[in-house]
Each structure stands twice: as C-alpha cells, then as structure tokens.
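All chains are identified by letter, namely A, B, C and D, in their written order; residue positions are counted from 1 within each chain.
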Amino acid sequence: MRGWFAGMSAAGVAAGALVLALPAFGADPDDLAADAKLQLAESHVTATLTPTHARRLFVLDVAFPAAEAARTYVLDGATGRIEGMFNQAYWPNFAVSPDGSELYAVDSYWEKHTRGKRSDYIVVRDARTLQVSEDIPLPAGRLLIVSKKYDFDVTPDGRYGLTYNLAPQTTVTVTDLKARKSIGTIGIPGCGLIFAQAASRFSSLCADGAIATVTFDESANGTIRRTANVFDAKNDPAFEHSGWDKHHQMLYLVTYHGKVVPVDLAGEQAVAGPSWWLTDEAERRAGWRPGGWQVCHFHSSKRRLYVLMHRGGDWTHKNSGTEVWEFEATTGRRVQRVRLPEPAQSIAVSQDDDALLYAIGDSYRIYALGLATGKLLYKTRPLGFTPQLLTVWGD
Amino acid sequence: MRGWFAGMSAAGVAAGALVLALPAFGADPDDLAADAKLQLAESHVTATLTPTHARRLFVLDVAFPAAEAARTYVLDGATGRIEGMFNQAYWPNFAVSPDGSELYAVDSYWEKHTRGKRSDYIVVRDARTLQVSEDIPLPAGRLLIVSKKYDFDVTPDGRYGLTYNLAPQTTVTVTDLKARKSIGTIGIPGCGLIFAQAASRFSSLCADGAIATVTFDESANGTIRRTANVFDAKNDPAFEHSGWDKHHQMLYLVTYHGKVVPVDLAGEQAVAGPSWWLTDEAERRAGWRPGGWQVCHFHSSKRRLYVLMHRGGDWTHKNSGTEVWEFEATTGRRVQRVRLPEPAQSIAVSQDDDALLYAIGDSYRIYALGLATGKLLYKTRPLGFTPQLLTVWGD
Amino acid sequence: MTPISSTRFDRLIEAFTRGAAQRSSRRGFLSQCGLWLIAASALPLLPVARRAQAGEQPAGKPVRKFASAFANLAQTSDSTRCNYWRYCASDGYLCACCGGGPNTCPPGTSPSPTSWIGSCINPDDGKTYLIAYRDCCGQDSCGRCLCLGQEGDMPSYRPQVNNDIVWCFGASSMVYHCSSAGLVGLAE
Amino acid sequence: MTPISSTRFDRLIEAFTRGAAQRSSRRGFLSQCGLWLIAASALPLLPVARRAQAGEQPAGKPVRKFASAFANLAQTSDSTRCNYWRYCASDGYLCACCGGGPNTCPPGTSPSPTSWIGSCINPDDGKTYLIAYRDCCGQDSCGRCLCLGQEGDMPSYRPQVNNDIVWCFGASSMVYHCSSAGLVGLAE
C-alpha cells in the first residue's frame, strides 16, 4: 500500500512548474501497473493578468440581493473575456492606482458576514495577481450607500486614497496609500462626493449647489474654500456621476434636466464656466434627458463627454438610457448619438485613442462598441447579480 | 431651530409601543405650525413568528453563486407567504429543535466573508424572534459540501447536535445543545451522514454498504457496531436523502435504481429488512427511477414514504423529478402518483394529518400540493438564488 | 417623547429632517408626490423593476386626478405591491413581502430608531398623510419585491433626500433588510 | 515529486484515490465515462444546467461511438463549454470561463494541492487519457459556466467519488472558486 501515493504536491503554483506525481499502484492485479509514475503533461498554474492597460475593464457587482457578497470582475475590454474576479464585501468602492500596479477596494466586513463586529478597509491588491497585499483599516468608517464611484477617489500622484463618510457629519478620511495608513479625517459640512484633482486637494459638491475645494497637508488638516452656488441644487441638481476629467482638473456637472456646468478645479477654489445644454429645445420637448446610474463618463485626451440619454419626464433620472451622446466638452458640440443595443444603467469609455464605449445593459450584459464606428464589438452573457459600476484605467 | 426635533425615538420595538414624536417646526412661515406634535397613528414593531407548527416550512437557499451568503427563508407552508428570513453562511445546515422552540444553523464564517480566519458554529436562534441566542463553536470544524440534510442531525430528545466532518478522517462532533458546548468528536471510519435515532445514538451509511451505529456517552465516547453490507454501495448506492422516520427509528434506504431497503435503527446494531422496489418491471423498463437533491421525505405518523421520480437512464440520479410517488412504507404498496406542476429537485411533507407536499421547482418556485387531493395550493415566485433543502417540524 | 437632540447624531437627523419638512410643507417640487426620503438603500437594478418603471412613462398623458403621479396609480389594498399608496416615497425591498408589513419589521430585524417623514396622498380620500419611513435592519437584503422610486430622489450630497443611503443609523445593525412605511397622520 | 504520505492528510488522499484508481482501471461501471471524482463542489441547480442535462436524455438511442455517453457528445476545441472532452468527470463552474483554463486557475485563486485522477476519452483519437481534477480555491464561486455532471457521481459517504464536496483540502483557502482539469497522459 505504501508503494502508492496520491497525485498531489505542494502548490508551487505561481511558479507554474507543478509536476504531478501519479499513483503507482500496488499488488491488486486489477490496478494499473505497479510503480507506474506519470508526469503531468501540463503544468497546473495560476494565471496572472497582463499589466493594466487601457482596455482592461473592471465591473463592480454590488450583488444587491446578497449585498454582503459584492465582487469585482476583471474583463478584457477588447473581447469581453472574463480575466478574473475578486470578492468585495458590503456596498464597496473600487479604483485602480494611477500607475496601474494596484487595485483598491473599499470594503466593509462583518465578523459573521452579516452580523458581529464591523470593520472597514481599503484593501490593496496587486493588479496582476489579485492577491491582497494589505488591508488598511479605516478606523473612522465609511458611508454605506449603494456604490457610487466618487465616494472614493485617489489623488493623481497615487499617494492618497480619499473615502467619504457620513456619521453623522460628512467627512473625508485621508489614507496614505504608500504608507498603508489612514492619517486623518476632514470635515466637509454640507457637502459630499470626492473629486481628487491634485496631490493634496479634492473637491466636493454641496447641498446648496456650491463646490467645496479642500487643500490638505500631510496630517490631513484641510482648508476649505467654497464657491457661490454653481448649480440649482433644489430644482435641477447635478448627477453624482457627472463627467470627471481628472487629467485636466475639469468637472463637467451634468444636471437632471440636461444642463452642463463646467467647473475648473485646478485652483484652491473652484471656478465655474458658462453652462450649456446637452439638448436643444426640440430634443427637450421630445423628452430627451440624461439618466441611469453611472450616467456620464469622460475621455480625457479627447476631452469628450459621454452621457446616457433617454426620453422621459421628470423624476426619470435613474431610468436606463437608450443612447449615448458624445460631446466635445470644451465647445459643447455634439459629436454623435450612439444607439445602444439595450437600455443601459452605466457606461464607461476606454482612455485609449481608439476608444471603446462600455455599457451595462438592463439584462446585466456588458456591451462594447467602437466609438469611431458605433459598431457593437460584443455583448457578454449576463454578468453577476447586479453589476453597477464600470472602471477603466485612468478614468 | 432648537424648537424642532427629529422623528425618532429609542427603538422600543418588540414592545410595539413606539410613539413617534413628530417635528415641531420653528419660525419659518413656510413650515408646519410651530410646536405641532403628532402621534404616530400606528406603532412600529418587529413581528414575531407564531410558535413552530406543522405547516411551517424552512427553505435553505445555499446561494451557490455567492456561497458565503446562504440564507434560510421561513414560510407559512399553508399559504406560501414569506414569514421571515435569516442569514446563514458557507454551505450551511439547518434543523429545528424537537420541541420547536429553537432553530439550529450550522455555519462556517470567514473573518472577511471569503478570506481570513474561518470559524464554525452551531448558531442557535429563537424560533419566534429569529434572534441569535448563542454561537456554539465547533472547534473540530465541519465538512464543507453542498448542503445535505443528514450532515447534521439532532437527537430526538433535543439534547445533542451531531455534525459530520471529513478532515481527513470521517468524524461526528457531538454538541450539547442544552449546555451550549461541543463535547467531543467520534470517529466513524469509512462512513458518513448522521441519522440520530435516540438520546445517545446515531447511525451512518458506510462506503461498503454497511450501516454503522454509534452509541455514545456524555463524554462523546462512542461504541460502533457495524452491520454486514445491506446495500450494494458500488453498483446501486442508497441516496443520502433516503426516507428517514426518526419517530419509528426506521431508515428507508432508497437506491439509485429504485430499490428500498428498510433498516431498523432502534438497537445498538442496525437490522435490515426485506427490500422492495419503488417500480414494477414495466415502470423500470419505461425508465422510472428516483432522482433529485432532497429525493425522499417521510410522513412519520402515516408511515408513508415520498419519492421524487423521473424517467431517465443511468447517472440521472440528480435529474429533477416530474412526479412524487407515495408509498406505504411498511408494505411497499404505492398509494398514489402525484404529478408535479414543474420538475423539482427537492421535496418535503408536512407532518400533520392533512399533509401538504412541498417541492422546490427548477424555476426555484416553491409549490404546495394537498396530498389528500393532489391539488396545487399555490406556487410562490422564485425564491432566493438556489433554494436547496426543505425542512418541516418533526421531519 | 423627549427630544434627544443633544447628541451629535441628533444634529444630523435634525439637519436632514428640517430640510425635508420644509419641502413637505410646500406646494412645490417635492411635496407633490410626498418626499422621497431616505427610506432604504434602494437601487434601480432588477430588470423587472426597470421595466415596471419604464412602463409608468406612457406616451400619452394619463388621466390625472392628483398632482402626484404616484397617487394616480396607487391603491390602498395590497401592501405587497409597489404602488401601495404609502410607498410614494419608499424605495427598496418591501417589508410586507418579507414577513413584515408597512409598519412592521420582519422577525430577526429591527426598525432603525430614526425615520424620515414623507407625505403621500391616499387615493381613496384624496388627503395627504404623513408617513414615517424606516429601514428594517439586521439581516441582509430580503430580496423580495424591489420597488424603485425616483420622484423626489436627489443626489447623495443632499443626503436628506437621497434614497440610496443605508438608513440604519442608530439601529443595532447597519445591515439593510427591507423598507417600511408607518402612518403618522394627516399632513394638514 | 516526493510522496508526502506520512501526514494524516495523505492517508485520506491515499484511501480515496486508491479506491478511485481501482475503479478506473476496470472496464466497469465507472471507467466507461471516466471517473466522476471530487473535482468540485458541484450542484445541479441552475435551471439552464438542469435543462441541458435533461436534454441529454433523448427518447431514442443516439448513435454511440464510444462507451462513454459523455465522449459521444464531447468536443476538443472549446474549453469554455461543458462538453469539452476533459470535463467528463468535472462538475462546477469552469475555470476556463473565469480567467483560467482547463489546467490554469484564475488570478487570485490557487489550485488545491491535491487532485483526483479521472479518465476521459478524447473523441478525436478515441484514446483514454488520465485527467487531474483540481479545484481552484480562494475566491467565492466564480459563477460562470456551471456544468452539471452525474456520471459516476456517488453519495458523499463514498467521498472519493462524490462531486459535491468542496475539494480545497490543503489549499490556502477552503473557499471554492472553479473547477479545472489538467492533462496527465495516456491512461494505458
């Protein structure tokens, strides 16, 4: 009996050099030849991802009916192939480090999945292996809300991760991603969301329609400068997922009714530019307006704004969009209208020159269209439970 | 501003006597009258369940695509109404205490939902409030396997919870449910599953077709008595979810091919009776055989065996059943064939006189049929992710 | 009840609810359909719900009896349906489908000790009532009867009128299970 | 590799695999379609999968080239489909749909250090090959391409031939992600 052993070995997996020792059988004449040993014809390895590239697509599935069990899928945006997946937890956020080497997941865990002690972290993963390299505690917690992209942002230099909280004051916790340590919390009374435009600066939208810009130091002491109201927060609020051009430090606020308010976030205080409309009067009369979840996305080098549009009345701002409209952000000129194969809740655009438009359809399929051609490249099978947010490198 | 306060109070919830203090507004002329206080017309309470009764139905949803997030739904079996739900964790088990006062969930948690430290428990809940009254640790762990009913059983007196493990020996951990403490682990080499027939006794099925009966003392020292083989484990194994009549200490093994082997588990050593067939030769030729997940169920006072049947070839033992066949267990006489509205994976029968037949259809709907009439009482909307096991009081 | 406004938490609630109440007392933007306050971590995700929502945007104008689009389609008999009159400002899984009711949390959960006040028109008498919206907390999503509401829903930088936040502040658990809607009384 | 059979764990594996290997070397009950060993925590649950399974039970007899029903329907070109020839004994979510392949675990997971050996017929050459089935462990269910296998699947009191057990013993995590199937070589 001892002449035989099981087909196993230490999991020298990443090395890819696993050789399977095959059973060498004993005396039973019905068995294979005694002492037979076969090499495994193939190694049994764990795949690693290619370095982060412009067409990698991250799909955050908030898994609403089992919200403790959110996950992010990693796709090859060019083909729709699933390249990997990792678990997130309760109403998470997600971002890619500016250099593409790390993935940041903002997660809330309960000791017993849905009960017991809660703990909040920025979870750092290697972007190629998806292995966790650090759980950075967020001792001040974070807001639990159906995941919105700009409840978390990373400064352009990759140094700080900024997480939004409401407990009960509205605050932003500053985490030093290099030192792997939360360094403090900055109050942003009456404001929310985080658009991190510079090494030690971020802006937020305020309940009264102002923009607050916070400049902070290495101890997370912040100075707030607020603008006058730049949009009508009561009657025509700006979408949380407005167009964010971090590279040019420009935020293109898109309102429920379809107005665009460009806001320059470069300085210590934001400066709003002249507003323009997504729609002309005839289009507005026909009911065209923005709507969905991740309603807008931006292509930074082209300086183009993409908006999910549908026809509907008031209070349809979360209706799925049937088309994506592309605009020159600096002029307000509409470049094209792209009809989607299926109404969609969320869109994103790859940041390469030959940009792809991604959409999460209502059937939970992921669609990719070439923006130059408007042609559908693929649709995936339905992905996950309730895929919600799309992230590309550099967005 | 201080003259006003928010509509909240301490959550005196179970008492049902919550009175909502309504905003009394300040000086703003646009507000409601200053100092107005309204009583909440209704109390805002948390429901409690009626005491466990014969027609309560527990549906364990293993949530295969998010296995960390299993849950059990509590239904009114008479109407299909959802009465409540509680979260379970990774490949759990579930049982009701014999007196109906407690619910036992056997769960495996990870500190960070899918990673970190693992811990295993029998979680005790009050059957009326669903509140956790105790997490009893299982220091020896438990087998992780797609949930099977008889990987966990409770002795008829309600004293001991018995959990199956394979790590790597096959063992049973004995937990004193009254003392809320695991007291030891008993090896059952070559055998698996747990049928707890007496205060300090359980039986298991063995890989060679024998039945092992373990009699144990208060320190979990066990004495094993094995039978000779009572079924052909190699060529016609017995289903794990065979017919279990705990009340009469009779196990009706049902085999892949449709044979029934009654086994008397009353004594220190099991005794098999003469076997019989679910099918006659013509039915076998027509392909009728048992199949599904929870393939069989038993009505103890009627001594009737219920089996999910379908037409298929070899290796269709997990195919869904299109009919449920009802048998007098003591005679082998078939009482009726009940055609199901939809093929089903799992069945159970309420233990009252006017028994209901429950089934989990392939669309994940729960069906209830009157066994006296064969008539459909209701079907629910699809329930959960992958509902898997049904439990009724006294099964 | 004694106001407990001296805590930090209360000040948040106060700030939230004051804003909400101001709007509810106006014949304005928000009061038409009741307030769409933080009643749930709601989310327009299930295709069924999306279609239902889309279906409520008919090409022609329906006959409108009330200013509230919700009230024009509401009923008062079945609290397990999205158009039950009290749910004009609710969003999320209905507690009534999960073992609770419009003013009852399912077993194993507890109502958040805080609530928002909305106002809904009862289509039977045409009167406007104040409704206390509470999340039931302590189990993960019940997963039954997802109702998507948008009327009055504002972005989360206006948290007092955003329906995506998990409104379990102050409850024994911050895990959202379902949304309930208790009757307070006549609004005016 | 050096056998590491002196541990308690090895003895289990030995016991399991010995039984399995005995059966695989026979022209019997199990060897026809390869062994249906513990390759996954598999589960016949998704309606799609159930229907697919049901669809494989035609009323008439299909033309059978091989003794294995699986091999008669198998193909060798697309490892993301349930009927890829190596999966004759696999059950669960296919790693090939999840960022891995028949012999590759997806990023962020690792193969269980233990594996079971099955034998599958390659329909192109009609020869029987040994296949090493491993679970990839460390993330929750990948949720893509659930394949339901039953041929050779026995109850869990015969764990060496049951396909419901989470086969991550000895891996860094006991959380099942997907099922892989590496080629060992010719069976005979």
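Assume a contact is a pair of C-beta atoms (placed from the backbone, for glycine too) under 8 Å apart; a residue touches a chain by one contact, two chains touch by 3 or more.
Remember, predicted model here, so these are calculated numbers, not experimental data.
One of A-C, B-D or A-D repeats the interface of B-C: more than half of the contact pairs, counted by residue number, are shared by A-D.
Taking the mean of the C-alpha atoms as each chain's centre, chain A and chain B sit 39 Å apart. The geometric centre of chain C is 49 Å away from that of chain D, both derived from CA atoms.
If each chain is reduced to the centroid of its CA atoms, chain A and chain D end up 35 Å from each other.
With centres taken as mean Cα positions, chain C sits 28 Å from chain A. Looking at chain C, residues 13, 139-140, 143 sit in touch with two or more other chains. In chain A, the residues that reach two or more other chains under the touch definition are 65-66, 68-69, 71, 87, 110, 113-115. Shown here, the protein chains touch in an arrangement that is not a line, ring, star or fully connected set.
Pairwise chain contacts present here: A-B, A-C, A-D, B-C, B-D [touch as defined].
For chain B in complex with chain D, the touching residues are 62, 64-68, 90-91, 110, 113-115, 118, 143-146, 148, 151, 166-170, 191-193, 204-207, 233-235, 237-240, 293, 312-320, 343, 345, 362-364, 386, 388.
Here chain C touches chain B in the complex through residues 1, 3-5, 10, 13-14, 16-18, 21-22, 25-26, 97-101, 103-117, 130, 132, 134, 136, 139-140, 142-144, 170-172, 177, 180, 182-185, 188, going by the rule given at the top.
Residue ranges of chain B in contact with chain C, taken from their complex: 1-2, 4-11, 13, 18-23, 25, 28, 30-32, 38-49, 69, 71, 74, 82-87, 125, 128-131, 381, 384.
Put simply, chain A touches chain B in their complex at residues 63, 65-66, 68-69, 71, 87, 89, 107, 109-115, 132, 135, 385.
Note for the complex: chain D touches chain B at residues 8-9, 11-13, 19, 29, 33, 41-47, 50-51, 53-54, 57, 69, 138-141, 143, 146, 148, 150-159, 162, 164-166, 168-169, 173-176.
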